[in-house]
Structures are given as structure tokens and as C-alpha cells.
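Structure provided below as C-alpha cells; questions to follow.
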Amino acid sequence: MSSFDPRRVRIDTPVFSRVINDRPIVYLDSASSTLPPRPVIEAMDRYYSGHHANVHRGVYQTANEATDIYEGARRDVGHFIGAPDPRHEIVFTKNTTESFNLLARSWGAATLRPGDVVLVTEMEHHANIVPWFQLQAERGIEVRFVPVRDDFRLDLTDLDRLLAGVKLFSFTAMSNVLGTRNPVAELVAAAHAHGALAAVDAAQSVGHQPTDVGAWDADFVCFSAHKMLGPTGLGIFWARADLLEAMPPFLGGGGMIADVRTDGFVPAHGPTRFEAGTPPIAEAAGLRAAVRYLTGLGLDEVSRYEHELTELALELLASGVGDRVRVIGPADAVDRGGVFSLDVEGVHPHDVAQVLDQFGVCVRPGHHCAKPLMRRFGLAATARASLGPYSLRSDLDVLVEALLAAIKLFG
Amino acid sequence: MSSFDPRRVRIDTPVFSRVINDRPIVYLDSASSTLPPRPVIEAMDRYYSGHHANVHRGVYQTANEATDIYEGARRDVGHFIGAPDPRHEIVFTKNTTESFNLLARSWGAATLRPGDVVLVTEMEHHANIVPWFQLQAERGIEVRFVPVRDDFRLDLTDLDRLLAGVKLFSFTAMSNVLGTRNPVAELVAAAHAHGALAAVDAAQSVGHQPTDVGAWDADFVCFSAHKMLGPTGLGIFWARADLLEAMPPFLGGGGMIADVRTDGFVPAHGPTRFEAGTPPIAEAAGLRAAVRYLTGLGLDEVSRYEHELTELALELLASGVGDRVRVIGPADAVDRGGVFSLDVEGVHPHDVAQVLDQFGVCVRPGHHCAKPLMRRFGLAATARASLGPYSLRSDLDVLVEALLAAIKLFG
Amino acid sequence: MANLDDLYREIILDHYRSPRNRGELVEATSRTEGFNPLCGDELVIYLIVRDGVLEDIKLTGHGCSISQASSSMMSSAVKGKRLEDVRHVIDRFKTMMTLHDDGTADAPAPEPDLRSDGELAALAGVVKFPVRIKCATLAWNTLAQALDEATA
Amino acid sequence: MANLDDLYREIILDHYRSPRNRGELVEATSRTEGFNPLCGDELVIYLIVRDGVLEDIKLTGHGCSISQASSSMMSSAVKGKRLEDVRHVIDRFKTMMTLHDDGTADAPAPEPDLRSDGELAALAGVVKFPVRIKCATLAWNTLAQALDEATA
């Protein structure tokens, strides 16, 4: 038996004391955002109550403390993902989306020429599609898609052909709609074999399984604090130090310059070049606590536990709700995370979610910012349930009960 | 006597219980970042503990609550600055710096042609300089500066000539180095008379005096939550609704689109077009509490009180520390806020700040992200003390005591 | 606490299961598309407008029960009416669906002339579920746009 | 708690008030600029290097007491030394100024050969004030760069 106990996580997480429609909350929307445990909330509270000051450039004590907290978060989150040299590799942004925009507008705009190809996949989140379309419109690059098979996995048969002329292969470690986990190291190796760089969207994976950017051999990795038990308002962009050092600045302003005159400016070196303005300091304190909390749980344990729960969920959804519910994602728990996009025959996802809310069950209806993928499967929307380290078997039971009620209501 | 009591604000602000080097903290760095009162900290704590969920698109209860909090913050901060229609005018960014980058990269890039002029002033923060230099480098616009007089006020004698050919006049309501308050309505009117639009950097003013974007007749206004008793990680961009609606998207990703296909995307309407990815939701809860707190204090009262304190500070700095301390900023309290950049003869600002820290006094040494201004006055750095609504007369006494000690130490 | 029964009235479920005026109109005088980017709901309204009368209306598209029922009920409510009367119904419906800044609605009880209309009043419960208001109003906003185009 | 006296030793204040080897060297064999963007400190180092010996060094620029004192003390410590000895002093000094990830320094006591050097050991207190380390090392990093250029 593993020492990991989801009940302890639940006790640590204050939102679980919420009662919705006379029922305890059944939070199944961790793919949208995870619920922060008390140590994360308290770290920010403590920061604001005892240490708040603007970072860098300060000499007085709280300014140094704030700087230590902020830079400490950079170091800790770097170590958490296996970054060899966090101080020269980790940039703090506001979310995964900004991280991808930074990649596209800085590295992309400096590197890509008209006709150059960026390869993404059909299962990407809009955060890893729209910035490339913006470059397509502005600079005539080509955006190419790796197709998704009917079994909800990437179709890699033509990968070599697709990679021809590609400068960057940017793909998700795990789909936020299908739950599919992609073979990251293998895809990175394929990219490198074709002379392309590789960027990984780790937003859905980093809080649910161990991450090692070195083992992946990736060039860029993007993720968000709020999807790994951390706060809103903070994203992470990791890049190989040599690549980062060569990237031109993106947002301009204070903190990212070495000099400004009335006739131009000289950008600073290192990650600060990309951190214009007052950064998300309290958020960094929260992320640091989240990293410590997740490390305490053990990502291996979390991943093993969520895998077991995923197996159970797939079983229940295959058998417990008649044949009206279809899971849009791999049917078995292999190479797959705890995300279940549901298509309920005759009941629109919006209505599914509405009925589920009556049972205290939180699921998200919609296209989940993955419209190309939805179109690929002929859907406008799904109702998505997703797991976190605090999810319980009983949550799945209530989910099934509520789904049956929805099916009954809409006859 | 006014009912405003800075001691009450101080009691509300937990950082003031800090003891630094055996002395109570004397926080004189509000121009860098203000200290949040307990209601702001608690609003975020409450949000994370009871309501956290991703916004928009949600159907379940906590998702609706989070959306209400987020959109409520948009409305409240809009009303706070006199925005006629917050829902169509307020965009949440991560800080003032991102707000200016949004202005430059969206409105600017769509509007400005080679040779077009953006007029700023010599007393701008880098946030309102570097983005324009970036456009200058990329698109050949011209960046022109309104000079600053020896008495630390804008030199407006040549304004009409300077405004010739200008498409945007972007200037600060209050200098973060000099404390100078500029005649915003008058400058906006001058810009409009020349067919230019006007953007106002309200970062230093919005937490210290009442703001009415309508009375200013401004077109764009940028500021940060963390300089108005609110949290880090949240900036505000206000634009006239018609201008905002015509601006193309900036960051691309989820939430800012109407549709995404494998061959392109269609952006959404309204402020969400500029809010790609998961926004700073808890931060919005904090901002809302800050707006409520400041409104409770009364911005008129705060401004009157800080004005009195500014008068006192200027007196003390002129007479209480011999003739070794020069205030780099207007010598009288008229049209001036509580920011005091100090040049201490024979003592480097870094050393001034270091000695002051020994007395628990928090001041910031450096160029304050205003290098063109520093150069204008032949300085590399100053030691800056600045006030907030919790500042006390006794803070100024300790400041003077500590300055005398610094002067003595360096002989 | 808003109850699910306030939202999913029997008459609404009935319109959802058996939508009225479904299909295309080949002889339509106008064809107008509506779209809710948040949920992906899509709607096409075909109209035949002649001599100031909305002679016929048909709808295609997909969406949730509220958006489907609302468009079906709308089509029944406006078909055959004079345009000024149609516009009046649209206005009254949108007023019923309006939330104030403080989260309250204008008309906790349905508007008199909507009540007289019968079925539409069943949608009044939607305002208790603010995120669903957009579902209910999509058809009506699209119809308003269609009339503007038809009479432009 | 770090004490101000650890930072502002008398010998440091002395070097600040009366900097050694100040000025330009017209016959310099190299001229190298150093710059600390955070505080705006600027430094120019002029060297005369001949036959593997740092024959002369002069400095101009401005900065805080720590950066001024450090550069002044450095100039005294390296003037007239063989280049390999200069490099050795630079390495030892930078080791003394290095903080580990956990905020501790390697050498709470000054390095032996810096102690033997006397004055430089006075700068050891700077590591207790981590933000000031950059002030103390600017001159040394710039000198290292100057040597690289001079011997390239």
C-alpha cells in the first residue's frame, strides 16, 4: 500500500468544506484549475502580511526577503522539473498562454522566416495554436498539424514527412480534452532528428506526474501555477539556457533593461529580460509552497493514485451509466491521465453540467479551448470531468448518480 | 479635522507589526509597491478557500462565484476611476507595464505608420518608454520627449510644436521619481487639439487621489493593483470603448477567440479579446477589496492627508538634515505627491538605503526605472522615500534621524 | 437557492424534445446566423417577411436545451405577427432576461404580455441561472438582427 | 542579524574616502568598462600589462562605497603582481563572495591568502548583505575581463 492519502490532501484543501445544494462539493474540474491547499494559501497570506515589497533593486530587509522568496521560487520550480540551471532558464509569466506567446513573439519572431514551419498537433489547447496563427498572419510562417487517430492518440505514421522543414515541434504532454499522454521524449527526439526544436505544453502534466525536462531533452516547456495546486496569475516558461540567452525581449519596460536613453534601450541579460514590470511576487511565494506540497506528496505517488482512479472511472463510465455516455478519449488507462470528456446522448453538455451542479458535481462544459480537436470529432462541446490528488472514489460514484439523473430528466 | 486616521490604516496593515533591527518598520517605499491591508489579504484567502474555480464557461456554482468576483472587480475598479462602461472598457493585465505593451502592440502596431510620432515626457517610467522604442525599432515610428525643467516640472512652452504630427501623447499623471503631478486634463486637451490621442500612466496617482477618466477626457489609462493597496500580478488597462473595440488582439490563446480552426482564428469581442488564458482571478478579488477599502477611506481624505505629510516632509528635508540632502523634485507641496528622491552629498544612494535599513527605514535606491530622467539631472541614482495612507509624521522623524546617521558615518 | 425545476420547466423540455418550426426555408427572404462562442451554440434563422408581416420562420442549428427551447418557443410566438409586434415581443423578452449590476432581474414575475403569451413565461426562471441567460437570448438577438437585415 | 559594522569596516570607508590608483592611464595597454545595471555603478579599468606582469592599474567611475572601496582595494592588491597571481587573487576573492543556493557562504572566515593580503579580508562581511555582493564583485569581474582581453 502506498502512503499517499487523498483524504489528507482533501483535509488540507479548504474548498472541500463547501456545501453546494446541500451536498458536499464534488470537484471534478482540476483540468481547468486545481484547488490550492492551505499551505499555498497561507504562504501568500504570510508573504503579504510580513514580507511584501517590490523585488530586486531593494536594499532594505523586506525587499531582500521578497527577492529571496521570488528567486527561491524560480530555483524551486526549476528543480521540480529537473532544470539544470534554474537561474538562467526559468522565466515567470502570468500563465501558460503568456509563456507560449513569449515563445512565439520572441524566439519565433526572431527565428522564423516566411515559409518556415511550426508543427503542432490537432489536440493542442488554443494557447499552443493561436500564437502560431498570429505569426502565420504577420510573417507568413506555416502551421502544420499532426492528426489525431480515431482512438484519440496522435497519428505518428507520417511524422517524418510532417517534420520536413519544421523549425519547431510544439505539442502537449497531455491533452486537456482527451486525457491522452503523448510520448514526449520520443517526439522531442523525432524533432531533433529533423533539426527542429521541441516545445512541450506541460500545463496538464506537471501537477500530476514527475517532470524531467532533461530526460525529455526538451528545448522549451510551458505551464501554469494554478494547475499544480498553486495560485492564479503565474505561468512558467522554461528554456534551455543557451536558447533563452539568445532570445530578444518581448514585453518592454522596467526591470528588463540594462540601459534606457532618450534614443533607445539595451536589454538586460538572463530571465529578467523577459520579466518587465513588477512580477507576480506573492504568486511566486504560492508556487513555491505548491511545489513543496506536491514534493511532499510525491509525484510518483500522485501519479500512481490518479492512475488507479482513472482505471476505475473508465470502468464506471463504460458500464455504470448504460450506453448513453461516450468518453471522448482513450478507453483504457494506459498513457492517459484523469480527464474524461463526456458526450451524453441526447443531453447537451451545458445541460449535463447544470444537472450535475445540482448534485454538487463540478464539471466543465464547452470546447475546452481546443476547437480544432472538437471539430475533428464532430463535436461542439463535451462535459469534462477531471481528477486531482484530492479526488476520491466516492466522487466518481456521485458523478455516475448525477449523470443518470441528467439522462433521466432529458428522457 | 478630517475623519481620516492613518493609524487605523496602519492597524489594518499586518506588515506594520514587523520589527526590523529591533525597530518597528518604517515603510517609505509605497511608490514601489503599497502594503495591502488585511481586508485585501483576506479577500484572496477567502477566494482560494471557498470559491476558487476557473472563470467563464463554467456552469457549476463555484465557477459562477469566481466569474462574479472577477467581473465584479472589473465593474468596481471601473467605477472607481469613473469609467462610464467598465464591462466594455476595462482589461485586466498583469501590471502597468503589460498595459502599456498592450497599448503599443495592439493599438500602436495597428495604427502607427513609419514616421508617426508618439510623444512621451522625459519623466516617464521605462514602462511608458521602452514599448515605444520597440515600435520605433520595428516600425520606424518616432519617439519624442517633452523636456523637464530645472524646477522638475514639464516644460510646456514648446508643447504645440512638439505635438505636431503626434498620434499619441502618453504621459504620467505623477512622476515616480520627482513626485511631480502633471496637469492631466490640460495635456489631454492639448493632445486632442492636435488630433492626437492621450494615454495616462496613473500607476502613481490612482491610489493617492481621486481619478476620473471622464474628467480627464483621456483615451487610455494604465495602472497596477499593487500600487493601490492591492495584490501583485494584476494590472489594469482602461480604454474608451470605441477604441478598445477596434483594437486587434495582442496575446493569443484561450478565452480571447470566437473560433479556431486548423487554418486560422476569429477573435472575440470586448475586453476578453485581450485576456488570453486563465486570468488573475484571486488577484481580481484582492483588487476589489482594495477598491472598497480605499473608497471607505475616501480618496479625497487620503489625498489631503498625504498632502499635509508632503508639506511636512519637504520642510524637514529642507531644514532638518543640514544642507547635505537635496530633494530631486518640486520644493513645494503644490501639484506634487509624496515621493522624495534624495541626493545626499558624499553618500551613494545605495549606502543611504543600507544605513536607513538599520533604522528599519525602507527606501529604495536606484534609477527607479526612469533613466532618461536621471540622466537629465546628471544622476546615476537617488534614494527615494515615498508615502502611503498609512504613513505617519513619526516615520519622517525616523527618516531624518537615519539620514543624519548616514551623513555622519560617511563623514 | 435556485432550483433546477425553475430552469427545466416541463414546457421547456417539451420544446427541446420536439422543436417547432425546425428546418430550412428555401423561399426565405432572409437567412441569418447566430453564434455563442462560449458554448459553441449555433443557430440559423430563415424568415419570410412580406408586407410588414413575419409570414414564416424556420430554424436550424444546435445548442443546449435552453437555447433550443427558447428558439422554438420564439418561433411559435412570432410567426404570423406584424413586425412591430415581433419587435415588441423581442424587447419584452430581453427585458425579462436582463440582470442588473447587482445581480437582480427587473421582472421576477414574467412581463404581462409575455405571460399572456403563455409559454414564453416559462423561460423567466432562466434569470436565476445567469450563465444560462446567453443561451436563452441567442435566438432573440439573432432574430432582432434578422429583422434589421430584412427591413434594411 | 547582520550588523552595519560588518559592512562598513573602517578600512572600507577609508578606501571609499581616499580611493587608491584613481585616474586614467594614457599609456594603458587595455581599457575595460564594467557596469552594474541594477545600481547604475560604472567603472573603467586601465591596465599596463607587460611580460606577464600587471605593471600598472588605474580606475575611474562611480558607485557606492562598497564598489568604490572594493575596486580601490583590488587595485592595491594586484598592482605589480604576475598575471597568474592576479588571477589567483581574483578567484579567491570571488569564492569568498559566493553564496550557495541555501544562502550560506563558503568562507565565513576569510580565505587564508586573502587574510595574508590584509585589507581584502575586510570585505568578507559583504556576504552577509547579499544584495551588496554585486557591488563588491563588479571591479573583480571587470578586471577578469580586462585580463582576458589583455592576453587574448
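We call the chains A, B, C and D, going by the order they appear; numbering starts again at 1 in every chain.
We take it that a residue touches a chain if its C-beta (ideal position, glycine included) is under 8 Å from a C-beta of that chain, and two chains touch if they have at least 3 such contacts.
Note that the structure is predicted; figures quoted are calculated from it, not measured.
Of all chains, the one whose mean C-alpha position sits at the greatest distance from that of chain A is D.
For the pair chain A and chain B, the distance between C-alpha centroids works out to 31 Å. Between the CA-based centres of chain C and chain D the separation comes to 78 Å, rounded to the whole angstrom.
The geometric centre of chain B is 46 Å away from that of chain C, both derived from CA atoms.
Here the CA centre of chain B is 38 Å from the CA centre of chain D. Chain contacts: chain B has residues 21, 57-59, 257, 259, 350, 354, 365-366 touching two or more partner chains. Residues of chain C in contact with at least two other chains: 38-39, 132. In summary, the structure contains touching chain pairs A-B, A-C, A-D, B-C, B-D. Contact residues on chain D toward chain A in their complex (touch as defined above): 35, 37-39, 101, 103, 130-132.
Chain D meets chain B in the complex at residues 1, 4, 7-8, 13, 16-17, 38-42, 62-66, 68, 129, 132, 135.
Across the complex, chain C is touched by residues 56-59, 64, 67-68, 75, 257-259, 268 of chain B. Every residue of chain A that touches chain C in the complex is listed here, in rising order: 21, 347-351, 354-355, 358, 365-367, 374, 380-381, 409-411. Within the complex formed with chain B, the residues of chain A that make contact are 14-15, 17-18, 20-21, 25, 27, 29, 32-33, 35-36, 38, 40-41, 44-45, 48-54, 57-63, 94-98, 100-101, 104, 122, 125-127, 129-131, 133-134, 136-137, 145, 224, 226, 231-235, 249, 251-257, 259-262, 264-265, 276-283, 350, 353-354, 356-357, 361-366, 369, 371-372, 375.
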